[in-house]
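Below are structures written as structure tokens.
Below are two complexes that have chain A in common, paired first with chain B and then with chain C.
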Partner chain A sequence: MSLTQTAPRRVSRKMTRSLIPYVYLSPALIFLALLMMVPMISVILYSFQESAILRPDTTFAGLKHYAEVLGDPIFWASLWHTGYFTAMSVIFHMSIGLAFALMLNSDRINPTLRSVLRVLYILPWLFTAVIIAVIWRLILEPNGVVNSLLMALNIIDTKIEWFSDPSTALHAVTAANIWAGYPLFMVSLLAGLQGIPRDLYEAADIDGASGIQKLAFITIPQLMPIIISISLLDFIWTMHVFPLIWMTTGGGPIYATEVLSTYTYKLAFAQFDMSQAAASSVIILMISLCFTFFYIRHQKAR
Partner chain B sequence: MRRSKRGKERLLTLGLYVGLLCGLLFATFPIFWMLSSSFKSNTEIFALPPTVLPKLFTVEAYIAIFTDGQKLRYFFNSYLVAFAVTGLTVFIALLSAYAFSRFRFIGKNSLNTIIISTQTIPPITLLIPFFGMVVSYGLFDTYWALILTYMVFTLPYAILLMTGYLNTLPRDLDEAVAVDGGSSWTALWRVIVPVSLPGIVATSVYTFLLCWNEFLFALTLTKSSDMRTVPIGIQMLMGQHAFEWNEMMAMSVLGSVPLMLVYLFAQKYFLAGMTAGAVK
Partner chain C sequence: MKLQKTMVALKSATAITLLSATGAMADVSLEFTQWWEPELPENALRSIVDDFEAANPGITVTLNSGPYATTRDQIAIGAATGTLSDIVGLDGAWVNDLSKQNAIADMGPLMDAAEFDRDQVADIIQVDGRSVMFPVASFVYPIFINTDLAAEVGITEMPSTRAEFLEAAQKMTNADENRYGWTLPLSLQSPSGVQNDVLSWVWASGESMMDGGTPNLEGEAVIAALDYIKSMDEAGVIAPGISSKTEQEKVEEFVNGRVGMMVDTLAHVNLIRDRNPDLNFEITAIPVVEGYEGARGLPYASWGIGISESTEHRDEAWKFVEYMMSEEVNARLVSIANAFPGNVNAKPDFVTSDPAFGKAFEIFQEGYLANEFTGLPVAVDLMRQFSVEIQKMLDGQQSPAEAAAAAQASWMQEFEQ
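Moving on to the complex of A and B:
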């Protein structure tokens, strides 16, 4: 009698216990479903519709908008600019970050100076993309400090219009982004350097290894997992760049710095072609997902 | 032999200091130039040869901002949105992180993968459907448009950060509550939250900074100047009078104040938040 009474109660208690985690998760899940899943599905739907968002009666357009985007030479130019901007940024973020981390980790400098320098070296990280854009526009103004310095040193003899000359604009925005982004690498690598066991170096010293050998055979291999995961993350984030370009060149002059995000933004909010913009942003999403796949695989492997 | 080795050591140390000096110039010169320019008059900014420190030190640019209600409104909006998003994000993330850290449930692994991958969704891809949604629900040009859309980006990261932190806390803490007959809800608020303050602070700092820096959504989902945030305010300043450089620099300095303060007074939390995704 008592057995038959407690058994179902125990089951139901177990049931409620297993539901508890979902109760805690529910606010986040509902939120992300409504504001992440629904929009993702709708942007894919928009990309197959004629005049999405702007008109209530939309018709099916098939792959028309994808064909328009892929047939647009400016899209391909934007893809190339994004690739160049991103690859250069990540390469320089990594090399500058590594160089700075190694210098700041050296025992040759006094510890107080080292901690002061560490604070100062991180500073570019504290600035918003918009502010970085404004600062770099100021120093790269035709009448600005960089030009006057270069002219005083006789490196150039006419003022360079860094952001409005098509031949320099892409390099100028890349330079600004390199400056803005190296601290992530530097800070992470500094943390990584402190995690390398000391005895590895002691063993190398006994074997008579040179400084360069120690760097190549101990330091770099030990830092490799951090380098890979930050490079992937940096690559994905840099690919989405918008404010820096928007505020320095706006994608100009004559598309010289047009990147995928500014290209898509203009389709949507300058030409008001939401459907084509949706197609373009789905393509960006696909490219992004390829890198995300590698990033997650790497994170899981660790 | 010995002497040449010491010479080499000295040369290496010297090289290191030269390298550090170059690095320091690279890292800080643009910032120094912004600060210095914000205290110059507008005519001095492009003086030839450029003046390193302002010849005529003036705070006119700062006064211009503090006496302009419109510009103060940008700051008010930025703070309001950032604080609202931070509060909501941290609360929801804490609940989810508790589930991830303390319970076993079906779908945990795939859910975790989904949350990690949402960090890499391009903002521009979500912008177009967000625009459609915000307009059709009548939220266009309101604080809610910004608060809700920002949370899509802050929430996944906050969940990962908080879960990472809760995983470092010993399980005996909340098990003791269970033994005493307390519910998991009691365990969360009485035991977990009080000892999780460092994790909560790191998450809040990171969330706040993400909001403070946001540009694309603020540009697109608001329209009236009463709803604009600081980054858009700076952009508008640039469009309106392209030559008020000192005011733009002063606005940039003031726009960087929250990040500076956080960095100076909560460096540990700042770094914990900013690097958690990558180092973990």
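Moving on to the complex of A and C:
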């Protein structure tokens, strides 16, 4: 065998070896392409078509649908509502989750009580969006528990229509979502708390640090990677919340709780304007991608 | 010997292939998407379908059932992607869009070919001259009145005019005891309240929201109805939570005795009795404007049926539609569903056996069915747009005339497209 014959064979063997990982990955890659990339690319294409899906003879519409969506004041109201709903949800998920995690990690609470609280605090996570919507509709209905309590305590003198009043509806759905979502933070932070070395606290005790100082200078800095990761993920997930809002207010009253997901749903399934719905979806995708970029960058930095 | 066996096997395989190809052995499988099955007693629809299969060997029908809202979305997606099932349950509010998408077939040629007697059906819904839907069963929406509550506050006669209704509602209302005269669901999640609970007041007095095929929401009749609803709200007789209330919650309030009167479908009579067997109630026609003595429009919702444009088994699908619209089968279905028949000759048995339905049938016979949303483009969205304007009106942001004008303007945009 000559030297000139063995060289290409070596190259080909090298190529085969380098391709093997992709062969192993190919089932996952094919599924990813079919389930993620194809629909995503289709939606992007629809957003540039006239009467997408609804007619076989679609024409190229350029940026028309993006202009229509961006020129719609209800879209901007939805964007603002989405921002408020998401930001408040993430802030309160984090605060409540941290408070409960600290409580469940504390030695000052009786272990039996701690176990009971652990089950109670995680309950909202077990309910589906439909159940959560029903629970909150019952709690906040004009004759519900919250109004009765507030009236008994003389805080209000007339019943508040929490989901029906445009001035309270967005706060009401946000409250429902906060209740539904804090356990994710709680569980993640509790795991993080249990991983903080105890000698850090012992050293702080020797230095005479107070409880708040230990929280500010040991606990929170130690939990920061988890807080940032979960916050970014929660931000991305909460931006897309649909069933809870749909089943409590349907985006109303008027447009008080219209968020990007309900706005897009109505374009698609009430107005049957799939092209505009696709354009709106692509805008949501772009916003989500920005946060995903931050999340990935943070993960890489870790 | 071995060769002989092989030859036999080959011959058999060839015969099977040929038979399949010619259709001699081919079973036709039809899919029927609807929301009816979950609303009927268990196996009621299946047994009707089983009888069809027994009478038509070679045709099987698979029921694809789900709740109303899910079915609507499923049909919208199926129409958009060309994967609509062979036979579809339809609501009059959807047919315009589905027909314009060319998703549902014109049943006119099928009727002609089968020499179908058109006079036997109560209605054929047409869009642009195409016969796209038969109402199989119609659920009318009269007023339900809690008679115990009415007697308690001294109401002896059923209200017949708007003024009488307001007076009765005022008598029934006691906000301190969480009791109200009327309930109005205007949730944007399912905005049919505009059709059933708002515009029904217009149709009851023989009026219309349309004029020559275009919206006429700024007409006197609609503004007067909005004025009336505003006056009811100002009088404090409507149960709170209007803007987020759904139809289910409306019924729940009535069942619990928290509301004295509601506009509701006859389909809920058994549900109300199941939920609260002690509740006594009566049914009456929707009140009219003072002085009106003509026939009353009775709002209704239908279980409609149509055939997919893309079905490969159009003749078999038509056979099934014809079967569902036949006198005997139609009577059987509507008797179970407590609905009024799509076949004019069908006689549901509940009319004689149940006084509530008997009364409703009287109202039905004295008036006429009215639902102007049937066949309108993006009908559900039109309801939603109007609902938003009524919510603004009830929130004090605009007057009834302004609400009507705003709804008219947004509706016109849809009609001009």
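Quick note on the criterion: the second predicted complex is superposed on the first by the 278 of 302 C-alpha atoms of A that agree within 3 Å, B and C clash if a C-alpha of one lies under 4 Å from a C-alpha of the other, contacts with A are read in each partner's own complex, and residues count from 1 in each chain.
Throughout what follows, a contact is a pair of C-beta atoms (placed from the backbone, for glycine too) under 8 Å apart; a residue touches a chain by one contact, two chains touch by 3 or more.
From a predicted model like this one, the values you see are computed outputs, not experimental measurements.
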**OP:** Could you say whether A:32 touches chain B, chain C, both of them, or neither, answering first, second, both or neither?
**Re:** first
**OP:** Would you sort A:55 into first (chain B), second (chain C), both or neither based on which partner it touches?
**Re:** second
Original post:
More residues of chain A are touched by which chain, chain B or chain C?
Top reply: B
**OP:** Could you look at A:136 and tell me whether it touches chain B, chain C, both or neither (first, second, both, neither)?
**Re:** first
**OP:** Would you check which partner chain A:269 touches, where first means chain B only, second means chain C only, and both and neither mean what they say?
**Re:** both
Original post:
Does the superposition put A:208 against chain B (first), chain C (second), both, or neither?
Top reply: neither
Subject >> chain B versus chain C as contact partner of A:164, first or second or both or neither >> reply: second
Original post:
Of the partners chain B and chain C, which touch A:247 in the superposed model: first, second, both, neither?
Top reply: both
Original post:
Should A:128 be classified as contacting the first partner (chain B), the second (chain C), both, or neither?
Top reply: first
Subject >> Footprint overlap on chain A, comparing chain B with chain C >> reply: 53, 137, 141, 143, 246-247, 269, 274
Subject >> Complex contact set, residues of chain A against chain B >> reply: 18, 20-22, 24-25, 27-28, 31-32, 35-36, 38-40, 42-43, 46, 52-53, 99-100, 103-104, 106, 108-109, 117, 119-131, 134-139, 141, 143-145, 148-149, 152, 179, 184, 187-188, 191-192, 226, 229-230, 233, 236-237, 239-240, 242-243, 246-247, 260-261, 264-265, 268-269, 274, 277-278, 281-282, 284-285, 288-289, 291-292, 295-296, 299-300
Original post:
Can you list the residues on chain C that touch chain A in the complex?
Top reply: 72-73, 76, 80-81, 97, 101, 178, 187-191, 239-245, 249, 258, 378, 380-381, 384, 387-388, 391-392, 395, 397
**OP:** Would you mind writing out the residues of chain A in touch with chain C in their complex?
**Re:** 53-55, 137, 141-143, 159, 161, 163-166, 169, 246-255, 266, 269-272, 274
**OP:** Enumerate the contact residues on chain B facing chain A in the complex.
**Re:** 12-13, 16-17, 19-20, 23-24, 26-28, 30-31, 33-34, 37, 45-46, 48-50, 92-93, 95-96, 98-99, 103-105, 111, 113, 116-118, 120-133, 135, 148-149, 151-152, 155-156, 159, 184, 212-213, 215-216, 219-220, 231, 234-235, 238, 245, 248-249, 252, 255-256, 259-260, 263, 267, 271, 274-275, 277-279
